[in-house]
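Two complexes follow with chain A in common, the first pairing it with chain B and the second with chain C.
Moving on to the complex of A and B:
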């Protein structure tokens, strides 16, 4: 009876996942498997194209660097926030997540103003005498990564604050009282306990960065094309639905593989984490 | 009894509302770029609303976005679509547009010949433009006088080219072919090899006129290949911008206005086209920086004509064979992606 009740209660969510996730993704992948040239012809064409391989590799690079930077910056920021007194903690959390209140396009556009040849960064460098002429910062891979890190660090902080808060102070005090130096306390107590939160945050950041469109479009352009901007070009500009579906299918596969890999890493770092 | 009367009255009121008022306005849906929207509103949309008593809804985007949306909807969704001639040619070849009933658009007879039926029985041209080179004379010491100057070493990291999917994008490839001494349609390998040589000069390619203007105004670029519709706003943003006088001449573009096969307000759409082609309307649009006139009766002062493709400028323009261009486009897009995105 309880089991039947459980099934009944989960039916609406299951139906929603099937209707709005599994069926559309399945239909997208089905388009790539019914090409007149052959079963896997679209994927062969993708992998045989130097340009498309470069786009895939570039997107992986951007997403990986963004994730690593977000984990490092987010972890230490979240640790400071989690150990702050309650009143200060609220203020710090608000400050950390304040950027999330504005849209992705607005936040990405702000970097156009900051990193431009006549922007704030170049103006400061020239004023300090570090350079005589403006440095080209926009429309490079690094400008895309910088903006992505800015976009995703608040998300990482939010995830990690919740996890780090659950680490009891008693555990840290016990390790310290048994003679563990701070480095050992971090490596053998805090970090393993934080691994589940790090993995959740890393998955969210990686998938967001890997599938991003607005930031690469604004700050990268067609010379820094990513899977998201390539998909838009193929679907909405050249109307090549097979090619666009192939890009989408590869994005799904890469995302799933990376999530599974991260889960394995989490288990290795903390066997109790699942 | 009172309750019964109330229910009857409510029901009658509801039926009257749902049947629609006889004064309900028609709605004309326009597909257009979005560039300079305030001027379109002031000099076209607002006057036409007064003229027809109708509502107007706008759908915006660049040529390829909007044409693809019409194609996805099977020719429906909008009553009129503004496109450059290369994209309207694609739309015609895809069977998306219906022939224009010229008896409903008498102002077509007053247009310059090249604008009357540029694509047969389909939409007329409502304006003519040109593609050329613009540059910031305060940043570029030596004037630009030839298409080949885009490859100059002193322009390293200072150039933006139109994206391959824009109106002027394929003209970049044609220009590269000219510089290499080949016909880009016949020998794309040589044309793209020449284009590869320009890579060090290119900062970023642009996909909309406003993006190009932003690149100039923020100092990211000093030179671009552009269409003249953006010149007035570009010079308002950067007063030192000049239009290069090229020894080979500029390239002509015609903007057309077509009625998709699935348009709901066909008669109203024809009235709109006739309204836009009216000589007085064409004069107002030209004098207020919206579009160059194609009606032969329009006379502009030298100041008003300064930035437009008008008068003698109409004689020296190079034309593009859009049938060949549209056939080459898919291959050129792939090659462009390999070159700029790889």
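Moving on to the complex of A and C:
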């Protein structure tokens, strides 16, 4: 009886997810596996294209560098936030939530103003006499990475503050009073305890950066195409839906592999946590 | 109790916060500019670009669509999400574990893949109008937030109270609305505003689900930026930031913002 009520109450949401998420996404993947040219032919075509290989590689590179930078910046910042006095801590958390809840278009647009030919960065560089002519910063791989790091650092800070807060001060005191230098306390006490949080954050950042659209579209343009902008171009400009579905399927596979691999690593590094 | 932190680390954290806030401050500065092109620092202050937003029909129309979609999608997600969250907490032992994973699946599937797949299967395949498909996409986008936030509130609710009411003769449905729901009110409100802001800001799901006459504000902003480089986009951005502040105030008032720092786990 209880079992039935439970099922009945969760049925509408279950149906919605099955009908409008699992089936459509499944159909997109199925298209790439039932091509008349043969099994896996769309993937062969994808990998045979030098252009698309470059896009896949570039996206991997952008997502990896973004994740590493966000982890490093987020970890040290979150440590300071987690040890701040309560009032200051809540202000710092609010200041991290604000950009997170501000849309991706707004946050990428900010970098468009900053990095443009007549933008603030070029203006400052010319004023300082470092350069005479504006430097091309937009539509480079670095501008995309910079804006993505900007996008994901707040998320990393929030995830890690949640984890670092739970490390009692006593543990750190104990290590210090037993003679561990600050560097060793970081490496051998704080970092290992934060690993589960770092992995959760890294998965969110990597998959987010790998599948992003707005930031590479605005700051990378056609010159720095990524998987997200390639998917849009194949679907809406060249109208090659098989190719677009292949890009989508690769995104799903990469996301699933990253999530599974990171969960494995987390379990291996910290067997007690799971 | 606060431990001494290395001054170098504190300086680093300050620089990170300057990095986080700086660009947004510059957007605000640009929106007040008096010139027809984007420069910083702005030359002369004016509010003309805020007036200009409402003179551009495309912005007015897409703003309305975005608001409609956000309200409808959030409401739909709450209508199906609240019973699901209730079932997951109340009948935890009776229900399989994968069911709770199912409702966070939309987070795991890349949004852009969801948008493209809905275009292929639902809009083109089933011939559903674009507006309805867009609404479906946004409902799925915000469903995980609704289920998780309300689940978190229900986790601290003592179901013995509900059983007491029922055993005293109160009908189950009435008990839910008079006993359970009022106790998780703050969770429902927080879920509503968080889902609302997620929907308003979404690009990746909406990207493929726009058609003749139907587009959302972020998609229109992207299109506008490709053609013009004037401060209108900055003014719209400032309006969106004001909305963000309002959302944060509501979350702080209901669940407390520190809740968001724990949400991801």
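Everything that follows uses one rule, which is that the second predicted complex is superposed on the first by the 244 of 274 C-alpha atoms of A that agree within 3 Å, B and C clash if a C-alpha of one lies under 4 Å from a C-alpha of the other, contacts with A are read in each partner's own complex, and residues count from 1 in each chain.
Keep this in mind: contacts are C-beta pairs under 8 Å (C-beta built on N, C-alpha and C of every residue); 3 or more make two chains touch, one makes a residue touch a chain.
Just so we're clear, the structure is a prediction, and the values are computed from it rather than from any experiment.
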item	value
First (chain B), second (chain C), both or neither touched by A:118	both
Partner chain in contact with A:237 - chain B first, chain C second, else both or neither	first
Partner chain(s) touched by A:54 [first = chain B, second = chain C, both, neither]	first
First (chain B), second (chain C), both or neither touched by A:225	first
Contact breadth on chain A, by residue count: chain C or chain B	C
First, second, both or neither for A:139, with chain B first and chain C second	first
Footprint overlap on chain A, where chain B in one structure and chain C in the other make contact	112-113, 116, 118-119, 236
Contact set on chain A toward chain C in their complex	2-3, 5-7, 9-10, 12-14, 16-17, 20-25, 27-28, 31, 73, 76-77, 79-81, 83-85, 90, 92-107, 109-114, 116, 118-120, 123, 150, 153-155, 158-159, 161-163, 165, 169, 172-173, 182, 197, 200-201, 204, 207, 210-214, 217-218, 228, 231-232, 235-236, 241, 244-245, 248, 251-252, 255-256, 259
Touch list for chain B against partner chain A, complex	64-65, 68, 71-72, 157, 163, 165, 202-205, 214, 218-220, 330, 333-334, 337-338, 340-342
Residues on chain C engaged by chain A in the complex (per definition of touch)	1-3, 5-6, 9-10, 12-13, 16-17, 19-21, 23-24, 26-27, 30, 37-40, 79-81, 83-84, 86-88, 90-91, 94-95, 99, 102-103, 105-106, 108-114, 116-122, 125, 136-137, 139-140, 143, 147, 197, 200-201, 203-204, 207-208, 218, 221-222, 225, 229, 233-234, 237, 240-241, 244-245, 247-248, 252, 257-258, 260-262, 264-265
Of chain A, residues touching chain B in the complex	49-51, 54-55, 112-113, 116-119, 134, 136, 138-139, 221-225, 230, 233, 236-239
